[in-house]
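Just below sit the structures, each encoded as structure tokens.
You will see two complexes here that share chain A, one where it goes with chain B and one where it goes with chain C.
Presenting the complex of A and B:
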């Protein structure tokens, strides 16, 4: 079935249980699906944009209230929507990083943090991870000391991932930020895998910035995200234009330089807004999500030879698993080779694993019903048993 | 002249279909509905038929 021309209908979430590691927290709520039906046209959010002509001043629909609520949700002073977390990283890097400045990321950081620094000509240095794939306050302080000795400058900015994309591990960010602040360095907390699915309290964590992803964790269309800041840092990153052009003497009101004027328009913003009440509510049910995740993780652990590479017990629904000594052994002799696994999952109505992956792979159980989690857990065990693997 | 009933009906019908779409998601892959979901679906389909009837009446009388 086609949507239009060569574009297939995408029905992966209607026809199967999707366990794609990056997609599940961004699936739309019913409210967002309905809102985007009405707001699909390009500048649809702008029908009632009036002076001073800025996104966060629009009252119909109530974007102004949403922006304030978004900041409050993250326990920060000010928030703006951005076209994806990466544009939040970029806005902060543009504000604080000068050419040659050392900037710290972690050994588990997302590539877009690297690109944001690289585009400024910053000197990227990584905080090493432990053997358990965690970032610690001691390693962070040690790296600050090392880099300061190496370059003669303290880092101008530090990016810390709340939960990393590689292992889905929850890092001790409160303690890390406390350590960083002893050096008076601003901290950007990357909440792409936390803000919108679990409680994030920026005040408690003492983050200078929190960046979240709408399409990863806030049930919103892509590209969308949030950049939230303290009042002090907000005045820096959300500074307004002061330019007057030479020929026409034009000025540009209160447009925010790093936001490039308005950021999200149409479906991205209205989708975020429509999902927001449910997002605010769902973070309080994180324990249920973890219970579903652990059900699936425990099922995988019961398959002989399978190892969970993420921290255990799990504190997040994104998990990295190593089946080199279980499903990959099956793949070596199976007529479908490595594709047997994704094919078997498909037969059981489960999608989202990269076809051919039987060694190290990731999955995410976020948003499943309990019945769906039970189905996924039993399916892994059944596939193992059907292929001669021992299930404890 | 604007047909406000037709405009409202077309959006309401799409919203009802969206609710059914969400039910397909929540019950994937088997799509076996619980008694409560069956009851909700019957109600949704009944309302949807009324919206379609409004569209017939307004647009192709």
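Presenting the complex of A and C:
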């Protein structure tokens, strides 16, 4: 069925249990669904924009309150919405990175951090990971020392992923940040997989910046995200324009340079706002989410030859699994080849795994009910057993 | 009525004739409304993202075809979607502007062009306007010469607004671009008020870049927009990442640095796509839109003391009007003061004028039926007559 022209109706989350690694935290709440219908039109948030004409001053709907609540939610001093986490990385990189400056990311960093630095001409260096795929404070301090020796400059900025996108591992970011601050370097904590999913306390972690993703983890439409900062760092990254033009002598009020003025003018922001009360509530149920995730992970572990590549027991619902010695062996002789696996999952009402993937793949159990987690867990085991794999 | 928490239902376009200067081209089509309901969730466009994992390669829904159609619509070689026109300005400024480089804008340029240059540390200079509020090829060439003398450098980039946001005047951009190209400087044509509203032929205009706004002029949710380029300039602004990391030796495929990888992952892009067939069609009815606009403008002109500040007859539906000597005189003695005007309009079912504004203000008649234009025109005259102003 088409919803418009050649565009199919999308009903994956209505018709299936979706375990897509990047999608599950971005599904809208019922409140957001209602809000986006009312605010679908272009500049819909701007009806009551009055002086000083900036998004975070709009009172109706209460964008002003939302921005303050968002900062408080992350235990930071100030927050702005951005068109995706990557635009938060970009704003911070644009503020601190000059051509040739060394900037640290980690061996598990997301490509968007790389692009934010590359666009400024920064020199990208990675903090190595341990064999358990974790970033440590020691490795971080060591890399700062190495890079300072290499370039003669202290890194101007460090990106640390709270939970990385490759393994879904939870890194000791509090200790890492403490190590980085010995060198007086600002730290951007990438909370794309944590802010809106689990509790994130920027004050306790001593983060200079926290970036979150609306469409990844805050039940919001895309592109949306949050950039939160301490008061001190906020005054740098959220600096206002200082231009006075030569001919007309125009100035541009309190527009923030790195935000490009206003950021989200309609459906994306209203979606974030409408979902926010449930997001604030859901982070407190993280233990239930982890319990569901571990149930599914344990089911996979019980299938002979299957290895969990993420840290175990799991501290996040995004998990990387290696089924080269289980489902991939089946694929070699199955008439559907690698497609047998996603096809079998589909039959059981489970979606979100790339068709054909039977070696190393990722899934995310976030947002399931217990019954759904039990169904997914038993489905993996059943598919294994039906295809001759032994299940412990 | 609330749609979610403290968020009021927004029904300005259902309950009124909206003449808001920035909103009218961004109202969704029925097709877009249906599509955004299906694609509200976070990464909803990504279900069928396969290698090489980039937005413009997605076939289901047909994003790949849409991107090519979008380029063809603007008569350019290549197009990408961006989170608002401003992010198109930013991508181009980031590509061509180094610290200290002179960059030209016009005396009527939008503040987002200023911010894009300011963020790169460029030196902003304005091309002056004529007393009729138009930018000319001669003024442009003159300013290039002046700035080159002043700084010792040719400007690295020039932003020209096709129709400016202040007066809604249509500038002779074809001739301006011809003048600029004598100096081998790339031109970014800001089509925020034209692309999606009237026909824009980048090939004929010889634009290096055309930037358009989805939420301003393409019946799309915010933030959305388009950045189109010639093949030559496209290879510069849409260059792919060249980073290879030091520890893990990771490379990042064909991700485009200035796009930050993918740009619009859900509702915003699907909204643009769903509206696109109607947008392609509506640009051909521009003469009807202008006729409606001129009908309203003529009504305002007939009210004694009222002056149209935009060029006349109008070549765009966005118009700046000065009622200091008409409605503002009424306001001085009216018990509602300046609010009498928006209040009287509201009574007649007309919305979109800032409450209290009775001196210089803007309106936009885009998207009205003839009957609505007639109603708006007669409403202005009636409000004038009811308040003792003479109407010719």
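Just so we're on the same page, the second predicted complex is superposed on the first by the 392 of 392 C-alpha atoms of A that agree within 3 Å, B and C clash if a C-alpha of one lies under 4 Å from a C-alpha of the other, contacts with A are read in each partner's own complex, and residues count from 1 in each chain.
To be clear about the criterion, a residue touches a chain if its C-beta (ideal position, glycine included) is under 8 Å from a C-beta of that chain, and two chains touch if they have at least 3 such contacts.
Since we're looking at a predicted model, the values are computed, not measured.
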_First, second, both or neither for A:34, with chain B first and chain C second_ = both
*asked:* Looking at A:15, would you say it contacts chain B, chain C, both, or neither? Reply first, second, both or neither.
replied: first
*Could you look at A:348 and tell me whether it touches chain B, chain C, both or neither (first, second, both, neither)?*
first
*Would you sort A:46 into first (chain B), second (chain C), both or neither based on which partner it touches?*
second
*Does chain B (first) or chain C (second) touch A:372, or do both, or does neither?*
first
*Touch check for A:100: first (chain B), second (chain C), both, or neither?*
neither
*Using the touch definition from the top, say if A:268 reaches chain B (first), chain C (second), both or neither.*
second
_chain A residues touched - chain C or chain B, whichever exceeds_ = C
*Set intersection of chain A contacts, chain C complex versus chain B complex*: 13, 27, 33-34, 37-38
_Using the touch definition from the top, list the residues of chain B that touch chain A in their complex._
11, 14-15, 18-19, 21-22, 24-26, 28-30
_For the complex, give me every residue of chain A touching chain B._
13-17, 27, 30, 33-34, 37-38, 348-350, 369, 372, 375
_Residues of chain C that touch chain A when the two form their complex_ = 3-13, 20, 22-23, 25-28, 31-47, 50, 60-62, 65, 83-84, 86-87, 89-90, 94, 105, 107, 111-112, 114-116, 118-119, 124-128, 214-216, 219-223, 241-243, 245-248, 252, 255, 257-258, 260-261, 263-268, 270-271, 273-274, 276-277, 354
